[in-house]
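Labels run A, B, C and D following the written order; every chain starts at residue 1.
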Amino acid sequence: MATMTQRRNFGSDNVTPMAPEILNALIEANREPVHSYGDDAYTQALSQRLCEVFETEVTVYPVTTGTAANALALSVLAPPFGAIYCHETAHIVTDECGAPEFYTAGAKLIGLTGAQGKIRAADVGSHVEFAHSMGVHHVVPSALSLTQATEWGTVYTVGELAAITAVAHEHGLPVHMDGARFANAVAKLGVSPADCTWRAGIDVLSFGATKNGAMAAEAVVFFNKAHAREFESRRKRAGHLWSKMRFLSAQLLAYLKDDLWLHNARHANSLAATLSSGLAQLPGARLAAPTDANEVFIELPLQLIERLEKDGFEFYHWPAPEGFTGTVIRLVTSFDMPAIAVTEFIQAAQQHAQQLA
Amino acid sequence: MATMTQRRNFGSDNVTPMAPEILNALIEANREPVHSYGDDAYTQALSQRLCEVFETEVTVYPVTTGTAANALALSVLAPPFGAIYCHETAHIVTDECGAPEFYTAGAKLIGLTGAQGKIRAADVGSHVEFAHSMGVHHVVPSALSLTQATEWGTVYTVGELAAITAVAHEHGLPVHMDGARFANAVAKLGVSPADCTWRAGIDVLSFGATKNGAMAAEAVVFFNKAHAREFESRRKRAGHLWSKMRFLSAQLLAYLKDDLWLHNARHANSLAATLSSGLAQLPGARLAAPTDANEVFIELPLQLIERLEKDGFEFYHWPAPEGFTGTVIRLVTSFDMPAIAVTEFIQAAQQHAQQLA
Amino acid sequence: MATMTQRRNFGSDNVTPMAPEILNALIEANREPVHSYGDDAYTQALSQRLCEVFETEVTVYPVTTGTAANALALSVLAPPFGAIYCHETAHIVTDECGAPEFYTAGAKLIGLTGAQGKIRAADVGSHVEFAHSMGVHHVVPSALSLTQATEWGTVYTVGELAAITAVAHEHGLPVHMDGARFANAVAKLGVSPADCTWRAGIDVLSFGATKNGAMAAEAVVFFNKAHAREFESRRKRAGHLWSKMRFLSAQLLAYLKDDLWLHNARHANSLAATLSSGLAQLPGARLAAPTDANEVFIELPLQLIERLEKDGFEFYHWPAPEGFTGTVIRLVTSFDMPAIAVTEFIQAAQQHAQQLA
Amino acid sequence: MATMTQRRNFGSDNVTPMAPEILNALIEANREPVHSYGDDAYTQALSQRLCEVFETEVTVYPVTTGTAANALALSVLAPPFGAIYCHETAHIVTDECGAPEFYTAGAKLIGLTGAQGKIRAADVGSHVEFAHSMGVHHVVPSALSLTQATEWGTVYTVGELAAITAVAHEHGLPVHMDGARFANAVAKLGVSPADCTWRAGIDVLSFGATKNGAMAAEAVVFFNKAHAREFESRRKRAGHLWSKMRFLSAQLLAYLKDDLWLHNARHANSLAATLSSGLAQLPGARLAAPTDANEVFIELPLQLIERLEKDGFEFYHWPAPEGFTGTVIRLVTSFDMPAIAVTEFIQAAQQHAQQLA
């Protein structure tokens, strides 16, 4: 077990505590007994609130983790003999210990390449056509999953989303969006949640809250009722139906109240932008991807990286993308990070860079 | 969505809020960032605490729900082609929408009969022998699961546990205990947690807290390290590894602190005992099982039941066990129920009984 | 490995060789290369032939074993979170090592009671209603599976089938028939294959041939196209798509040609009827079920049974049904059994009975 | 359904009939009843024969298809949360509709790159180390699967095999060999079956026979008993345990008798070598891989290809490997192909080439 030096953690946005508004919501929700398994006023209000946020009728299922949200969503889109297309660096491929395979009973994730974490519309089409050409020997094209913001901290534009989902729908594939950092993407895009989801062709969204202020809460949001039918049985069967559901719903209600979710995301995005532009000016620095959300991916001289680590700053080394030969690191900002943390990081990097010059 | 009349709910112990001590623990745990996925002081302290409570080296995995705890535990005990023996009324058979089948990839639950929710040691032996006589055509005997307290509110004595687990072990079956109401059972037995688990032959315990004061927290406790190996991958893969794990661990730590768990359970048991003896004296009343824990199963005249329901009391009708022909209801008491609630229920029942006489 | 005394085997109809007509079909089909994976004239002819036999448009998939046929059929009818209702003694419950659970990714078989291997229409209804009353906690009623002839050698009448399937359909459950001994049932009923399948409400049939003359061939026959859609992917994925498919189809074509299937079944049924009536007259004998097909279930004095076994006759002891306290045995006749084998068995039994008198 | 012009099929070796020796074995095995499910003299003899062939104690399980053999073998090597490393073009990845995922309950196949269908020892090591660096978030490295001969018709040398299996074993991974064309590989290598399997580090082999003369028969051969334990339950559960097992075993016995398997493979290999060298001399021709076994992968001018297709020759276009920009085709020879077929193909190609010049 490692101890954590506060203000020096750029390792992850999941080391954060709850936002105070969300903790207060738990306290409020603890006043009296309510019916269990979602038959409560909090869960009902959450559904209504998300219908408003997305300006359409949605079906909403709160769950505990992003992995559960993604895997449950995919399990109603893809049969066991299905293919799910996604970016080769998607969290569902690399970081969920096979959760989609577990929940779908063995569907196959087919990872597409693409710079800066984004898949290309044309690749979706060619992969599906190849699959069909193989007949019964190939798993059946069944779903597409996009990550927004991507694993490289970039954000698909509304136009990019529409182009990709058009190809997917043309081939009969419903589209899932892994929105573990959906708030950061919406904050970046500056459009309505509706515009960058169902109006852009998304069928189901893993609406993340945990990284951006909740304790442990994500909502699976279906824009298409046909896909939601089985979800309740699957959630129960997976042990993801809370008996005291109100405590999941209350987190999400507080997260949505007064746009806390966007407020928090804007703060984290803003710190990341500052960090990105500050570091990019250092000698030997080169951004591996544009800083659209709350993650900075940057190549820095190895000696500089090592000095920052010796200072106690925490962050991850990242597999270098094509075209990069040096060491790439990932720096994550969060909703509760003080601005001074970023200032200090940049200053420390600048000082080390000068000494190394 | 139904609204709930406080003090008249005997439907379930999962309508309760958090115990104040547990809410306070969440508030405490929210003060600063800590490392994620269990690499934190809360989770480490929880392991130590449970080693003390059980007076032996245990391996501990916090999860969110009882269904997850049971299904994950069973998934490391039984292969996909395995048989899991349990009581035919066990929660894993009737109330988890096939979670054990999902997590084990298709193992078969074989339900044994037995009065008042208890299985008999001899039946375990005869079922396993039958299975072996069938050769490759039969699923392979792989595990035994007991529920303590049982689905009929009864509590296995230490001697009963030892007799059943001896037969299971003789046939090579590890033994799981579904302890959704484990605290109530320990409170009833008046023995140490060690005496009624591993010293009585239990290999892995689903240590429940949600029904008895937590928000959403159960611990899977392995007394046998050999069985714990795969658990971490399976938990992650199921979406049951919280990134902000401290909030699970903190609930459980508070639950164990100063024996809150036993204190809460004794309160609920005591109310149930009062309720049980009060109702048993009514004309036409007949207990369907002894009231060992916090659940009363009692046959009452249907007219009496209907009047209580009209009063706004909530409880479930229950499938009548062998030998009962009338209507059986289940009444559940809980850690936060005021004594007056039980008094009022008994009084109401007495008044209706008099009027119906 | 045991050796087998010919003419004294009443243990199983799967010890038989191929019928000569079916062996000849393999020889014929071996003359030249043909396209693989079912794109061949044999497989096409088989589909046409089965459409004729069943007097309707059917979709046909040949597979190798009865277990594969049953499990694949059920996997397209029931989701992982589904309940499949069947008799508690059904082969899919007791003899397939969890194949339905494997193929469905964890659906639950719910075994209904019923005398002589037959389920009752009313029980289907009450089980489904109970399931729905449990809400999300219970697996979802999804399919019904009947065995024809049953595991007790009895044959559902057309009226019995219609009554059961009506209740199933009323509750939205498609109906599967395990027809491992379908030919024996049709031979007994004396009605058309159509009358005792789709016209009686059957949606998909495991049409067995292996026990009645084939080497290893069963056809899954869908009377309802909607259910057949996924089958091809599931069969391939299970390793049950033969590359040299013609050798499966050729067996089935020969089996159907000139009503070989019914001819063979009538022979076996006739021997069983003779055996049954001969043995039933012995002192202490009592049939455990009427002998409708090619299996005799009969209670006999234990000493008599032991003498027959000493003579080298092979057969199985069977779990005694309710109401029987002595030893019940199962005797199976087959398509290639000479009549003398039955005569000799009866004579031997009579002689032993006289000596024991 | 397509009709097939004999002598012009280079599409696949699975369009072939049975070798006459194997058909005769079925006729021989049909003479009398024998016990079912493998308790017969044929199956026992097969085990002994394979122990002789491999010069060691092996455990043998006959199954029907290569897909079943591979998926069942892998299911005992890798848990549901496991990673199976293999070449990205492996049949288990591309052509089995997700069978390994089905049988393992969701393990992940991780495809390694490598020229001409061969994986590199170093890549195995680096992938496993990366997996371990990811902790619980990554599926657990569990097995390695090699294809021999490879999907590009090449054959790993004994030295190559030993180098790869050494790395795998160093990391605790058992090694599976997909030997759908194992006979062709052994014929090419000219070493003993033992030398190119267990002595080179192979733990379990899918020993193919269907493509090389059998009707539908493969044997899963375990060189390591520890891995075989669960196989029987898994095979039964998958519907791959034939009741009339003798008909599987008899095919394999005939395949091994008098080295029929090697005789057949040598014939096919020899035709492929002739075809390969004949075509390689054409203008614009370029082999995409050395012709080690019975498959030729060659780039030819598109116009030439189209003329051959117009002649009625059957073969597949193949995805061009790195470094090839034209059209690559695959030509497969088989055990029963007359030499004249190859001569005619080469002559036709030469004539078209002249006309196109």
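Quick note on the criterion: contacts are C-beta pairs under 8 Å (C-beta built on N, C-alpha and C of every residue); 3 or more make two chains touch, one makes a residue touch a chain.
None of the values given here were measured: they were computed from a predicted structure.
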Far-end chain from chain B, centres as C-alpha averages: D
Comparison of C-D and A-C (more C-beta pairs in contact): C-D
Between chain A and chain D, centroid-to-centroid distance (C-alpha), Å: 41
Geometric centre distance via CA averages, chain C-chain A, whole Å: 51
Interchain centroid distance [CA atoms averaged], chain C/chain D, Å: 35
Touching two or more other chains - residues of chain C: 80-81, 96-98, 102, 105-106, 136-137, 139, 233, 236-237, 241
Contacting residues of chain D [partner chain C, same complex]: 1-2, 4, 6, 9, 12, 14-18, 23, 26-27, 29-36, 39-41, 43-44, 63-72, 96-99, 102, 210-211, 215-216, 233, 236-244, 247, 336
Sites on chain D touched by chain A in the complex: 80-81, 94-98, 101-102, 104-109, 134, 136-139
Touching residues on chain B, where the partner in the complex is chain D: 37, 79-81, 105-106, 136-137, 139-140, 230, 232-234, 236-237, 241
